[in-house]
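Next come two complexes built around subunit A: one with subunit B, the other with subunit C.
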Partner chain A sequence: MSPEPTTPTRYASPAQGGASIHNIGYRHYDGPRLGRAYARRSLFSQSLRGAYGLGRSAKSKVLPMLLFAVMCLPAAIMVAVTVFTKAGSLPVGYTRYAVYLQAVIGLYLASQAPQSVSRDLRFKTVPLYFSRPIERGDYVASKFAAMASALFLLTAAPLLVLYVGALLAKLDFLDQTKGFAQGLVCVALLSLLFAGIGLVISALTPRRGFGVAAVIAVLTIPYGAVSAVQNIAFVQGNESAVGWLGLFSPITLIDGVQSTFLGGTSSFPNGLAPTTGAGFVYLLVTLLVIAGSYVLLMRRYRKAGL
Partner chain B sequence: MIVTESLSKRYPRVTALDRLSVDIAPGVTGLVGANGAGKSTLIKILLGLAPATEGTAHVLGLDVTRDGGAIRERVGYMPEHDCLPPDVSATEFVVHMARMSGLPPTAARERTADTLRHVGLYEERYRPIGGYSTGMKQRVKLAQALVHDPQLVFLDEPTNGLDPAGRDEMLGLIRRVHTDFGISVLVTSHLLGELERTCDHVVVIDGGKLLRSSSTDEFTQVTTSLAVEVTDTDAHPDGTAALRTALADAGVAVTTGAPGSESLASAGRLLYVETSGDDTYDLVRDTVAGLGLGLVRMEQRRHQIAEVFRDADAAQTTPAVPATPAAPTREGGAHDVA
Partner chain C sequence: MSTTTPTAPPASGAATKAALFHPTVARLTHRALLGRRRAMILFALPALLVIIAVAVRTLTGADDTTAGAILGTFALGTMVPLIGVIAGTGAIGPEIDDGSVVYLLAKPVPRPTIIITKLLVAIGVTVAFSAIPILLAGFLLNGNSQQIAVGYAVAAAIASIAYSALFLLFGTITRHAVVFGLVYALVWESLFGNLVPGARTLSIQQWALALGQKAAAEGAISSDVQLPLAVGLLVALTAGATWYASRRLKALTLAGEE
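On to the complex of A and B.
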């Protein structure tokens, strides 16, 4: 062992020598870095959990959990009544259930959509996200998917209660399964539509209170107006107008789609359903609003970096 | 680490960066400039978040326009502004940010615990961030930038809003990020004084243009001065004046008033002594002891980086460095007192 070879060897691997010094007290991370898709999934699950107050303070769990219970309670009662009275069918069709309880869904959206996006804007957490591997599109997609999934959980859970109850009451299996499937399609559409509307409105303001008020306003005012005008049109005998008017508020859009394609009856005056042609327009408008809100969200975050 | 070549960023009305070419080596690098000098714009471009109008930039050998995602996976970023949600705990927040950087759940938890400990957050890390002091919030912000063990971190004004003690702690922490953790640092500030103690290298930009890029030593090593403050005694009612006379007699250049344009209340009581070696310290100590004065403080005052700006303003004039007195005189003086 002459000193000649040792010196070059030591200098040949300066990185190793450096690392051993730095390892005192601080450990480097050599494990896997799972990249963008994983980060996107992490944001999705964090937002979805957040929509039910999980991973947040106890106080923020109260409202979503309460609304979830309120959403499921009528379904449980209906099931109990059906089983007890041995009725031949459920009192409310699968596809109409969400339309009946639209106020609860609206409240849930108004409370949770601002929570999901306004907070990030208000506390300026958005730049932190964009300093990570994810891109703008990943952020929007994760938030959108999380909000839609949260709404889907909220609206599909009571349908599941109904379905299980219906089977317990020994109602016709095929009928019920078909109805349940149609109900799921209906609430999936509703979840996407409401998530899009709620997020676009919430993303406009960093103030959570404004977001809550604006979402409630956008869901209820058009609905009130549409219902009132529909009733006037019905009284005046203008039935085709009743069918078309439903295009102008979110929940009547869904109502129109479900009564045309998913075998439900509408909540329009006298149970009038849009004609099949009008039904296609309803479906088209619904899909356009969903796509449009996605595009608007993408535009909203174009300048939100750092 | 970071290489830019004639990097420009023009907005419709302003030019944020104007043909900036810098080459930043590993270590702690300070990025100095007034507000609006283009510091934040540069960081934005280096993270691959904003396209440059012209020119190229590479971070860790990766092109910012093509490999933005790969860069952001290996780089940490601590923003200038508040970025913490108040209703979650530091642990939860940093774990989430670790996962957003691609760390698997278990690793994210372990790294979070480690990193929070390294930045000096202990039991309080389980409490909601809303109740933290500014200093603690800055530590959480630093932790989220370090949690994925990046090779390089961008710290944007990390000492903003901190009191002097907090500022010193933060600067010490930044120094450790490089010396102990082996992570290179690019730290911006508009306060020049803090960077000269922390950084190996300083890049000064102004109006989007490169003013100067050199090592901190070059900025400040030409001469150092020693700030001395003494008490008054019965024998010497004006201790400062007495010391000044004694040191001048010993042949040392002494000035009152601040070379670094400080405006302290005690500035009138401070003497600035030019030094060139250890013997000057001995001389001052012995002179003060000889006069029987109390020594309140004796500290190094390196020439401040602020002078760079004055140099630049004075365009091509000689650096504002006073001439060093001849060495033999000082040694003679030292012998006198000894």
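On to the complex of A and C.
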């Protein structure tokens, strides 16, 4: 690893007196110093690779790769169905695909966000990062960007499968390209939102298992509550309440944005979409939550320990 | 490790031999489950259920189908499995994870006793945080009309036992017990249970509903599994999972990886 010679060379002979100084071969480092930007890039790429288990043990590759495959499989099946039945359009819109597979995205985030930040806290390696030429903001930004990119890969890959499949099935090029672009915007928003939520929660605990449970609870419990109350509001005929209730859980937030601005249909009861005004509130809340989770992470790392 | 150690003090020798419940292990497990931030989720979930129940009651008034929908989908479908995962894996997982379980295993307590004690504590916590709030929410939603509150509370209590046993077993098998528990609860029971009818036969939720059906009025709760089959599967799962968890604990190796 280091270029030092293994056998120490002696300059002073011990025969002269009792004391002697040994040169054990320490050298100055005079190679290039790669600096802050390099450290930031390395942290980003290591975190991104780690989110798919690359550079970690074989056991930790199983779950992310499995979830990635589960995420892409329905897209491949849909493409196959579209090609064989010669249907005029894909069975599921690009923007809605991620909303359908939210359980898989949630599990991926719950399994990978804690491994990205909790273990640094638990093994007390955070101070080691800050002994390098990076600042608090660099650490937070790298981890945030890496988690969001990992989620974006997870959610955009099936859309790419759908898009390529749709073009191979000779569906309308312009239509499909527009849908694909809208889908990418939708999953980019979703990735940022989920990454922020997942990292804030996992940065609060050094225990991986607890982080996993807490992330999944924050994602599914509000969703369960919101859809139960939405259904009741719908049965009672209170359709405007259905639109507003979606503000209270992460995935329905994305669902509202995509059904208002990105031309999708929502998964709310009866496919109700929020009104355009409500849609702006959805977008605003989404951006606020993303910004808020970044600020919370910055505050969290003001102190390196817990 | 053996219970027949001659050096054991004569007074406690007889007690440790037959006891399946060890109060010190129980106290430690209880503290581990409720002393940390875990307790936050455990308290937040039932609180949310009760708040929703109050909100729905004030907005729509008492209605049996509404009450059934909330208790069936949100409470029994989402809340009970989550609490089961947290309590079941939390009873043993963190100890194995940070290696402190060796101090417990080094004590002259039979390993089945450790498992059964931890299971009883996990069941107690799960029942306390799921069945009791469900009963309360049921009374708030429709005043226990058609025995819906009692039916769902019974189902939640039964499901708590099976979930605790299953997730405790997961905790002894793998370090990713929480993830696997969630995969079972969310992907298998919710996703596949909704899409593939056959998957419902192998779902703790449906077995518990079969018992809840008996407790509630005719037609208030429906289950896809017949009662005798459900009881048989529940007993088999709980006993099997507990037995295998004690086997796993007997042959536990503390791996250093991750």
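Rule of thumb we're sticking to: the second predicted complex is superposed on the first by the 275 of 306 C-alpha atoms of A that agree within 3 Å, B and C clash if a C-alpha of one lies under 4 Å from a C-alpha of the other, contacts with A are read in each partner's own complex, and residues count from 1 in each chain.
By our rule, contacts are C-beta pairs under 8 Å (C-beta built on N, C-alpha and C of every residue); 3 or more make two chains touch, one makes a residue touch a chain.
Because the structure is predicted, anything quoted here is derived from the model rather than measured.
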{"item": "Partner chain(s) touched by A:63 [first = subunit B, second = subunit C, both, neither]", "value": "second"}
{"item": "Touching partner for A:133 - first (subunit B), second (subunit C), both, neither", "value": "first"}
{"item": "Touched partner set for A:210, first subunit B, second subunit C, both or neither", "value": "second"}
{"item": "Subunit B versus subunit C as contact partner of A:235, first or second or both or neither", "value": "second"}
{"item": "First (subunit B), second (subunit C), both or neither touched by A:220", "value": "second"}
{"item": "Subunit B versus subunit C as contact partner of A:299, first or second or both or neither", "value": "neither"}
{"item": "Set of subunit A residues, in rising order, touched by both subunit B and subunit C", "value": "56-57, 60"}
{"item": "Contact set on subunit B toward subunit A in their complex", "value": "40, 43-44, 47, 49-50, 69-70, 72-73, 75-77, 79, 81-88, 92, 96-97, 99-104, 107, 111, 114, 118, 128, 144, 148-149, 180-182"}
{"item": "Subunit C-touching residues of subunit A, taken from the complex the two chains share", "value": "56-57, 59-60, 63, 103-104, 106-107, 110-111, 204-205, 207-210, 212-214, 216-217, 220-221, 224-225, 227-229, 231-233, 235-236"}
{"item": "Of subunit A, residues touching subunit B in the complex", "value": "18-19, 21-22, 24-29, 31-36, 38-39, 42-43, 46, 55-57, 60, 119-120, 123-125, 127-135, 305-306"}
{"item": "Residue ranges of subunit C touching subunit A (in the complex, touch as defined)", "value": "36-38, 41, 45, 48, 52, 55-56, 59-60, 65-66, 69-70, 73-74, 77-79, 82, 85-86, 89-90, 93-94, 97, 176-179, 182-183, 186-187, 190-191, 257-258"}
